[in-house]
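Shared chain: chain A. Partners: chain B in the first complex, chain C in the second.
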Partner chain A sequence: MAATEYSPKLQALLLSALALPGLAQAAAREDDGFFVVRASQYAEDAVPAEQLASAEDERYDIKILQARLSLPVGRSFSLGTTLAYESMSGASPWFVEAGDDGRPVQVLSGATIEDQRRDAAVDLRWYGGRHQLALSAGVSVEDDYRALSGGLEWLVEMPDEHSTLNFGLGYSDDRIEPTEGGSARFPTRPAQESKSSYSAVVGFTTIINARSQWQLAVSATRLDGFLSDPYKLASVDGALVQDARPDSRWQLALSSRYRHRFTGLDASLHADYRYFLDEWEVNAHTVNLAWHQDLGDYLTLTPSVRYYSQSQAYFYQAYYRTAREDGFASSDYRLSPYGAYTLGLSLRCELGDAAISLAAERYDSQAGIAAGEVRVENPGLVDFTLFSLGVEYRY
Partner chain B sequence: MGSPCELRVWGCAAEVLTAARAELERLEAKYSRYRDDSLTTRINRSAGSAALALDAETAGLLDYAQQAWQQSGGRFDLSTGVLRRAWDFKSGKLPDPAVLATARACVGWQKLEWQRPRLRLPEGMELDFGGLVKEYAADRVAALLRERGARGGMVDLGGDIAVVGPQPDGSAWRIGIRDPRRREAALAVIELARGGLATSGDYERGMSIAGVRYSHLLDPLSGQPVRGAASVSVAAPLCLLAGTASTSAMLMGEGAEAWLRDLGLPWLLVGQDAELRGSLGPVHS
Partner chain C sequence: MGRLLLSVMALSLLSGCVAVQPWKRGELARQSMAWDPDPLQAGLADHVYFSKEAASGRAGLGGGGCGCN
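Showing the complex of A and B:
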C-alpha cells in the first residue's frame, strides 16, 4: 500500500476507509508490484569570482539514474531491489584561505574530478497480520570508496487499528582509499581509512481523522572512525593542514510529518518538520511544505518550499589564525553555519497503471538566512538546480 | 445481508467460519434498515429530534460516507433512500410530482449535521447504510479470516467480493461478471488475486413505461432514475472502495468513465448495448 501511488480522489477515500476498524489490516498487504526509473541532472552553480581564489570555478555536475523494482512473492512477502548510478564531474571545495582583506576565499580542487558511484540494494518484506518485518542489504561503490550496509525494520499495527509503530536498526561499514593518498603529491592525504555507523529509529504514525495523518519519528546515529574529508584541507596560520575532525559523532533527529487532504479544493498539504542535533554541536531545523494540487483527471501539480538552517560544528572555522589545542580543523561548508531554501515544482501525470513525473528544484544557501547570527559566511556554500524525470509502472 | 452470500476459505479451523458468520450477523443486526431494533432504525427514528452520539464504527462509516459523497460530487449519498417513497417501481407508474418534490427535500448529505460522534438528522430524512455495509462486511470478514490463519479464500456477499488469499494452488480467483440482461450468463471472467471487487448494475427492479426504461438507480441530485451503464465492476485494494467506485459510476451516467479513469482503479463497464469497456481484465466474452 505504501509503495503505490494512488490518485488523489482514491487516496482520500482510502484514508477514510483505513480509519474504519479492521480495514487498515485488510488493506495492509496490497503492495502490488511496481517499477520506477528516474533520471536526474544536478548542477551546482559556479563559485562567484569575488569568493574564489583559484582558476577553476566550475563545481559538481552529477547525472543520476535510479531504478526500483518491487515484486510481491506469494501472499506474505515482497522483494524489492534498487539500483543507482551516478556520474560526477567538476571540482569541489578544497580549502578556504584568507583573502587580501581578511575575508575568506574558496580554493577549488585544481583538476576536474571524474567519478562514478554505483549503488545496489535488496530488501525483503514479510507481512504477517498486524506485523511487518523487513530486511535490507546494500552496497555502494565509487572509485575510491565502498560501503556495505544492512537494515532491519519492524512495523506493528496498534490494537486501535488507527496507528502504527515502527522500529528500525541500521548498520553501515565504509572504506575509503583516497585517490593519490600518501603520494608524493599529497603526502598528508591518508591512503586508507574506514568508518562505521549504527542507527536506530522509532516512529509512530496515526490516522487523526478521515483527512489527516501524522507521523512522529526519533532517530539516533552513532558514527565511528574516520569522519574527516580526505580531500579537504584547512588553513591554519597560513599553513595548509589536512581536514581533521573527531573520530566519533552522535546524531539525534526528531521529525514530524503531517498530511491533510482538502477535499473541497482537490488538494493535499504535506507539512514536515525536522530537528537535528549532534555531538559536534550542529543544530539544524528543516521545514518543508508541499501543496499537491489535482488538475483535472490525470495531473497533479506540486509546488513546494523548504527552509533549512544549521549552526556550526564547534571546531569549524572558515580559516584558523592559530591551531586548536585539540588539533581539529575543518573549513567544510557543510559544517559551517548557514541557511538554505529550496523551491520546487513537480508535475505528475497518471495514465492507468503508469505515471510520469517531472520535477525541478532550486536550492540556494547563504549565511544571511540562517536562523542565528553568522559573522563569517563560508565562501564554499553551494547553490544548485536539479531536474528529474521519472516513469513508473504498477502491475 | 439480503442477498446470496458465499464464503470460500481454506487452511483454517472450522470454528473460524463460525466467527465469520457471527461477524456478518452482527453487522446485519446493527445496520439493517428492515429490522426494528437496528441502529439504522434508531438513527432514522431520531430524525427531527436531538442529535445522537454514535459508536466509533458507525462514526467511521459516516466519515467514510461523507468523504465518498464529497469525492463523487454528491452522487454517493446515504440519504438517497427517501426517494423510494416517491418512486414505486412495482406500480409501473411515474411518481406524483408533489410527492417527489417532498421526497427530494429530504435528500442530501449536506442537510444533515454530522460532527463526529454526534449526528442530527433533520425531520423526514433517513440514512441507509446498504450502500456500504455489505462491502465493509466483506472486507472485515476477509480480514478476520486472515487473522485467524486462513491461507486463502474469498468472501462473496451478493457480488461484493473481498479476497482472503489465493486459491489452494496459488492462483487468483476467477470471478464471473454476470450479464445485466441475462442473469444466469457470465459476460466476462476476471481474475482477482487480492483486494476486493464490487459490481453495481440495474439488474432488477426497474420498470418500463411506454417503451422507456426507468432504472431503479435514483440520482440524489435530480431525484430521477439514472440513464447510464448497465453495470460497472471495479477492483480495488478494499471491497469498500470498489463498491463506492462502482455505485458512484452507475449514478454518474455519461460521466462514469471519466470518474473511473480519475480514480485509476481497474474497471469494467457494460453499456446498455452490452458493449464492454474498461481496463479490468482479462475479459472473455
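Showing the complex of A and C:
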C-alpha cells in the first residue's frame, strides 16, 4: 500500500515511527510532553458472616488521585513528575482464630482506621543517540510511614536497531512508626522500625515483525529489616502474639510482555506473564491479557482479564496449634495460598491532543482457583471493585 | 510449568524475527501497542496489587512503596 493511501492519522503514526530510535517507543512518547490526571476509587467487599468473628465487617474504602506531568527539556532531556494522594478508611484484618468447628475465622480491627498517603516522584531522562539514561527520586509519606526511594536506568539500542537492553538499579529506605506502638493498649506493637529495599532489573526488548514486539525482563529485590505487619496478630496455641516474619527476603521475578497488532481488526493484543519466587518459598504466576479494540478514529475499548495464583510462605498458617521453633508466626492472607482473577473494561476517547478514559475492574480471590492444592482458605481474602477516570493532554 | 511455557514462547518468537525498516514501524508506534499505554493506570494497578498480593516485580523499576508489609 502506498503511503498516500493512508489516513491522516496513520500518516502521523508513520512519521512518529520514523522518529523512533529503534524501539524505545514508550520513552519516545514521554518525550512528547503531556499532563494526565486520574481519579480512582475502590471498595473492598465486607467479610462474609460465616468467616467473621467480630462485629465489624466493613473493610477499606480507598480513593486515589494521581497526576503526571512530563516536559521536554531542550533536545536531549525530558523531566517528569508524578504526584499521588490516597485516602483510606475502614477496618483491616487483625488476626485469625479457630472457629467453633475448627475452621479459621477472621477478626477485623475494631475501630475504623483513617489514613492518607502522599507520594511525589521526579525523573530526569537523557536521550543520547542509542543510549538513554534516567534518574528518579521519590518520597512517600503516610501518617505512620515514610519512604525515600531512588533509581537509575540505562537503555541501549543494539546495532541491529531491532533490539534494546535496559538495566536498572533502585533503592528505598522505609521507616514506620506504628500508631500506638509500645502503648499500654498495644504493648507488643513496635514503636519504630525500618527496612531497606535494593532492586535490580535487566530487560531485553525486540521487534519480531512489523506488527509484533516482545520484552523479557528479570528483576531481583533484596529486602532487609522489619518485614512484619505491626498491626497484625497471630493465634498460637490459643494466645495472640505479634505478627513475626524473617528480617530478610530475596525476591525474583521473570516477566514476559508481548504486543501484537491485528491490522485487519483494528486491534492490539497485550499478553503478559510473570513468574515470581522468593526466599519465603512463595511462588506466583500472573497472566494478563488485554484486547485494545479501536472503534473508529476516536474510541478504544479494552476488555482485559488477569489471573494470579500464589503458594504460601513457609511459615504461614491460618492459626497455629503450637509455636514454631523459629518463632515466626503470620496469618496474613497475603502470605496464604490462593488464586485471584480480575475482569476489566476501559474506554478511551481521543479528541485531538486530549483524551479521556474510564475504567472499571472487578477483583475476586479465593483458594479454589489457586494453581496448586489449598487445604484451608484464609478467611481474610479480599475482593473489590474499582472505578477510575483519567484525563490527558499532550502538547 | 511457567518456565517451560516461557521457554517455548521465547524460542517461537525469536525464531520468527524479521528485519523491519523504520518506515514500516507505524503499527508498532500506535499508543495501544505501547508497553504501558496509560502509565498512571499501570502505576495504579502495580500499587493496588502490591498491597494485596505477595508477588511483585516488573520490567522497570518500581516507585516508592507503601507501609503495607
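One rule holds for everything that comes next: the second predicted complex is superposed on the first by the 365 of 395 C-alpha atoms of A that agree within 3 Å, B and C clash if a C-alpha of one lies under 4 Å from a C-alpha of the other, contacts with A are read in each partner's own complex, and residues count from 1 in each chain.
Rule of thumb we're sticking to: a contact is a pair of C-beta atoms (placed from the backbone, for glycine too) under 8 Å apart; a residue touches a chain by one contact, two chains touch by 3 or more.
None of the values given here were measured: they were computed from a predicted structure.
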### Message
Just to be sure I read the superposition right, which of the two partners does A:Gly264 touch: chain B = first, chain C = second, or both, or neither?
### Response
first
### Task
Quick one: classify A:Pro159 as touching chain B (first), chain C (second), both or neither.
neither
## Note on the structure
Winner on chain A touched-residue count between chain B and chain C: chain C
### Message
Once chain A of both complexes is superposed, is A:Asn209 in touch with chain B (first), chain C (second), both, or neither?
### Response
both
### Query
Once the shared chain is lined up, is A:Val139 touching chain B (first), chain C (second), both, or neither of them?
second
### Query
So, does A:Asp297 touch the first partner chain B, the second partner chain C, both, or neither?
first
### Task
Please indicate which partner A:Gly102 is in contact with in the superposed arrangement: first for chain B, second for chain C, both, or neither.
neither
### Summary
So the chain A residues that chain B and chain C both touch are 10, 13-14, 16-17, 20, 23, 25-26, 29, 209-211, 263
### Query
Which positions of chain A touch chain C when the two form their complex?
10, 13-14, 16-18, 20, 23, 25-26, 29, 36, 38, 40, 42, 64, 66-68, 82, 84, 117, 119, 121, 136, 138-140, 142, 144-145, 147-149, 151, 153, 161-162, 166, 168-170, 172, 174, 176, 195, 197, 199, 201, 203, 206-217, 219, 221, 226-230, 245, 251-259, 261, 263, 267-268, 273-276, 278, 280, 282, 284-286, 292, 294, 300, 302, 308, 310, 313, 334-335, 340, 346, 348, 357, 359, 363, 382, 386, 388, 390, 392
### Message
Per the contact definition, I'd like the list of chain A residues that touch chain B in the complex.
### Response
1, 6-7, 9-10, 12-17, 19-23, 25-27, 29-30, 74-75, 129, 209-211, 263-264, 297-298, 350, 352-353
### Task
Would you pull the chain C residues touching chain A in the complex into a rising list?
1-3, 5-6, 9-10, 13-14, 16-20, 22-41, 43-44, 47-49, 52-69
### Task
Over in the complex, which chain B residues touch chain A? Could you list them?
56-57, 60-61, 63-64, 66-68, 70-71, 116, 136, 139-140, 142-144, 146-147, 151-152, 162, 165-166, 170, 194-195, 236-238, 240-241, 244, 258, 261-265, 279
